[in-house]
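Below is one structure. I have some questions about it.
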Amino acid sequence: MTYKATKVVIITEKVIFDGVADIIEEMGGTGYTVVAAGGRGSRGVRSASGASIVDAFRNIKVEVIVSELAMAEKIADAVAERYFQNYSGITYLEEVDILRPHKFHH
Amino acid sequence: MDLVADFLSRLVTQFQSPALAFLIGGMALAAFRSQLEIPDAIYKFAVFMLLMRIGIEGGLEIRDASFAEMLLPALVTIALGCLIVLLGRFTLAYLPGVKMEDAIATAGLFGAVSASTLAAAMVILEEEDIFYEAWVPALYPFMDIPALVLAIVLANLHLAKQDGASGNGPKIWSIIKDSLRGSALSALILGLALGLLTRPEQVFEGFYDPLFRGLLSILMLIMGMEAYQRLNELRKVAHWYAVYAFAAPLTHGLIAFGLGYLLHVTTGFSPGGVVLLSVLAGSSSDISGPPTLRAAIPTANPSSYIGSSTSIGTPVAIAIGIPLYLALAQMVF
Amino acid sequence: MTYKATKVVIITEKVIFDGVADIIEEMGGTGYTVVAAGGRGSRGVRSASGASIVDAFRNIKVEVIVSELAMAEKIADAVAERYFQNYSGITYLEEVDILRPHKFHH
Amino acid sequence: MTYKATKVVIITEKVIFDGVADIIEEMGGTGYTVVAAGGRGSRGVRSASGASIVDAFRNIKVEVIVSELAMAEKIADAVAERYFQNYSGITYLEEVDILRPHKFHH
Amino acid sequence: MDLVADFLSRLVTQFQSPALAFLIGGMALAAFRSQLEIPDAIYKFAVFMLLMRIGIEGGLEIRDASFAEMLLPALVTIALGCLIVLLGRFTLAYLPGVKMEDAIATAGLFGAVSASTLAAAMVILEEEDIFYEAWVPALYPFMDIPALVLAIVLANLHLAKQDGASGNGPKIWSIIKDSLRGSALSALILGLALGLLTRPEQVFEGFYDPLFRGLLSILMLIMGMEAYQRLNELRKVAHWYAVYAFAAPLTHGLIAFGLGYLLHVTTGFSPGGVVLLSVLAGSSSDISGPPTLRAAIPTANPSSYIGSSTSIGTPVAIAIGIPLYLALAQMVF
Amino acid sequence: MDLVADFLSRLVTQFQSPALAFLIGGMALAAFRSQLEIPDAIYKFAVFMLLMRIGIEGGLEIRDASFAEMLLPALVTIALGCLIVLLGRFTLAYLPGVKMEDAIATAGLFGAVSASTLAAAMVILEEEDIFYEAWVPALYPFMDIPALVLAIVLANLHLAKQDGASGNGPKIWSIIKDSLRGSALSALILGLALGLLTRPEQVFEGFYDPLFRGLLSILMLIMGMEAYQRLNELRKVAHWYAVYAFAAPLTHGLIAFGLGYLLHVTTGFSPGGVVLLSVLAGSSSDISGPPTLRAAIPTANPSSYIGSSTSIGTPVAIAIGIPLYLALAQMVF
């Protein structure tokens, strides 16, 4: 038996990670997972390896699973609004099936 | 014309000195698109070791120095940090195609200090047997923090005015705290405290000091690779950044040399100290400056300030600045 | 031309990775992909960088693509049942479209 | 308000990363995100940590968000065709919801 | 009261010794929320180097030592490892709010050994020119393995009884194998084997030995940062863990001192050896213990045992334990 | 039978020499499934340091050497690289169960050079006080590049013929550029340039040289672990690879010894130089060879060439090859 939930994915600069985590918490997310990433977008290449003098500019990919679509959209919107004018980043949603819905409620 | 001749001959020798040679080697590798990579962990560790080495020695020395002796140089250092930012704010910012925040952030970075440039100068002074008070490198934060803080404050004032909002202003104390928490200043201050309060002589002499030169050579290599790779970021911004990045290190270094000379005359500040003060002023931050500015002046375009500092500022500060101040010192002292 | 398949995602402590890989194999998975991750959940923050004395407690994110939903659920259930009482972790499913279905059969 | 888009996922050997990035660009992708990965598939285990003499053989996971399914399929097909006979790798598609569609157009 | 005075004066000096100074420095950095990070690769490498250094020297020494001489100390070391676990099992486990498995796991960790605490003591003994048999540090696994094995066995017996199931019991040999395969013991045993069977003198004297102190200082810094950061894990568990974590290292160290003293009287075991034996007993595992326990006693809460050991156990073992045993040694020998 | 006796006695001593001991230690750890891991960053850094050390010393030496003196040995080195590939192409490739591309790629890898094998031989020669021209190790690229280029060209010719297509042939210059850009040759050439053109003596003597042996010991450990772990890749391919991997290093080394002997007679090439030339020929690439081949001969199965080289080729080249050439040198010079 599985339940529908939504995964919010945020790919952005490492330097604003704390702010993103705060937004997730404020909006009611129960947790998140983060991995180191590199990438290319409208604002140039960001490598994921090798010594870089400005490591803090590398990307992270944050994933948050929430049980309600509305909360997912709120998180994605809040991050985009607060940061994406000045920092590079993208955000999108995916539908997922969870097994233990209580883990994603407060 | 003795100065010119001496400077040129120093310039030539300097190109054979390990610090500069590794810097140029790094640029050549990047230009040739070599796949050589120094792992990030090694880079971070090398920076940590350099700053610990500078800090511990500074701390050990301050123990024996009189605070009075350091007071005036420290004040001059603070003044230099602020002056450099104001200079940039009132020159670079008015050039065509340059945005005010970008200019202020760039000036902040050039006011702040590069640990590797400083270390390169220390090694060269030691090679040439030129004495300096061992606490001089520990003046680092006295230039670094004021420059970054002032740049952030000015940028916020500008943005507040622009928005028409009164704003509640940037919190100076929180900017200072953030600076001190950055990895570079943390390591330096840890080293200072250890040198000042404990007995780290053995581990200093057996580990931090002997690895200093070698790790510096590796940092120089990395700086060279980065300098080349970031050149094309500089191409994305106004040409004036390149002009500023070339002229600023030398201008700042020479101003510092002048003030240092006054200190020499009035307080007996050593010629080696004057050279290091010039190097501090001429260098631009490469480690903790950029992320601090990125977080505190988000609207400033990082390509402008990182490109200027890493691609042109640092190579100029090392390759031209250091031999220039040495030649000057030779002449006036 | 694409075919529906299911991706099982398991985010859990690195220390039980071998056990998770065994379950995947037992249940018939033909392969998996694993990335290093950090995160926050009901059991506290796990950082993904810096020297940590207990590196083994960091997270991993394992993804398994299987062609049948039933096998996906079996893998997710088996991992949750065997481990999630004592180890922190979450698991969820996603629908994906694969191009070469034979890669995910035995 | 969200818009449907497609995520192409490519998991393959690090050594061909540049070629994959070229294909993405040629086919019109506006960006990509890459993370380091390990895994097991039909061609053996690839570890994601520890000193390996042949680091270049480790995996990467590349994700590309494109607004049109057709382009997604073209990217996946092109990578599979050019590389997957000789290099190990898999590719699949996922449906995602994006918030700012202009980011994924040229 | 000579002991107290001596201990206190040692304590003061100790706070200036590099090992402790770096530990405290790390705590201060974490308390100040510094962003300084020692890369994980450097941490792992430093641990490897320390254990290789201990192992190779032990191996070189054992070559010349008579096995007979080592037999009794080794047996005492094994006994100490077991005794510590049993002590915890019959004290900590009965305190209010403490779960049996958590108590056993914690006792297992305190029975096991910390390579960095041991290394810190070795450096201090060398600084004070106190002789010890170079094979003493190589007793490490003789305490580490029995403690972990016994803890895992006891926990499993307890769980089996609780479940009412007879169970097939934990496989002792497989626990031992897992311990030996862990990165810490692997490195130590590799070093021992190399020292015993090959001629690594040159690489030992030119590499492993000279880097020992420096890398130890970096490990101490990391331990300090971890200690502070894990304090709040300790807040999540019963207060009794804090009490145990404070008292246990000293209790274990003093018991070991007593047994070591008997060895001294009967077999001529050196005073320096007695101190190191106390340090082995007083230290708690920070590298390979935690993951071994996490895998083998999954129901035990890692916050309890890691919090206790890392946040309080290790700092106490280093900052109070080492000067205490030294002062004692000064008095009784 | 002096040779045999000498070789055997050397073989026994060799097993106690650090280089081989660490290699075997690594194998033993992997066989025992130890969880010891040397971080990738340390591995990359150690390789970089080794190649810089070889390069800088080579560069410093070439400065004083006459190019004329080096010309003939360099040509012989190039010839050896090509000869090894051709040998493989016309023996291994015709064995049952062996695919042509796989054979060519394998021969290419055995023609190319292993920095760690070379470094191990250098350390052993220094230990035995056997002189060699310091530029000999810098012949590395003269064997490495021709071997890889020739292998790639041959493989492409074969594939083009198979496809019936005329093809436009592999671009030799682009293969050479890719080789030079690889991390190994980049570091070596950087070191050479620095040694040749600048004054890196101090940083060489204070950093690159003293860390050489120690980092080599760590590389040997890693090579040992890899050798064992990749043995089962070798099980997936034809048995003939194992035969080739065992016989090829010694055959190549002995051919090189012969040619080196001729150089000795005609140009006075030193006996130590002859040994190193044999080691260069006998070694097979472990760092930059594999990815170069993987990219340039995509249809070749990496299990065949990496398995052969890492699991058998390198251990044989170090454990049997080096003492064999030393014993030979003892006999004939």
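By written order: A, B, C, D, E and F. Residues from 1 in each chain.
The definition used in the following text is that contacts are C-beta pairs under 8 Å (C-beta built on N, C-alpha and C of every residue); 3 or more make two chains touch, one makes a residue touch a chain.
Note that the coordinates shown come from a computational prediction; the quantities given were computed from them, not determined experimentally.
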Starting at chain B, fewest touch steps before arriving at chain E: 1
C-E or B-F, whichever has more C-beta pairs in contact: B-F
Most distant chain from chain C, judged by the mean position of its C-alpha atoms: B
Greatest separation from chain F - chain, by CA centre: A
Centre distance in Å when chain A and chain D are each reduced to the mean of their C-alpha atoms: 19
Approximate Å spacing (C-alpha centroids) for the pair chain C, chain F: 41
Where chain D and chain F are represented by their mean Cα positions, the distance between them in whole Å: 35
Residues of chain A whose C-beta touches two or more other chains: 35-36, 49, 94-95
Residue numbers of chain B (touch at least two other chains): 37-42, 44, 211
Pairwise chain contacts, counting only pairs that touch as defined: A-B, A-C, A-D, B-E, B-F, C-D, C-E, D-F, E-F
Chain B contact footprint on chain E (complex, rising order): 15-18, 21-22, 25, 28-29, 32-42, 127, 210-211, 213-215, 217, 221
Parts of chain F lying in touch with chain D, wherever the complex brings them together: 37-40, 42-44, 222-223, 226, 233, 286-287, 290-291, 294-295, 298-299, 302-303, 306, 310
Residues of chain C that touch chain D when the two form their complex: 2, 5, 7, 21, 30-36, 65, 94-100, 103
Residue ranges of chain B touching chain E (in the complex, touch as defined): 39-42, 44-45, 48, 180-183, 186-187, 190, 193-194, 197-200, 202-203, 206-208, 211
In the complex with chain C, residue positions of chain D that touch it: 9, 11, 35-42, 48-49, 59, 61, 73, 76-77, 80, 90-95
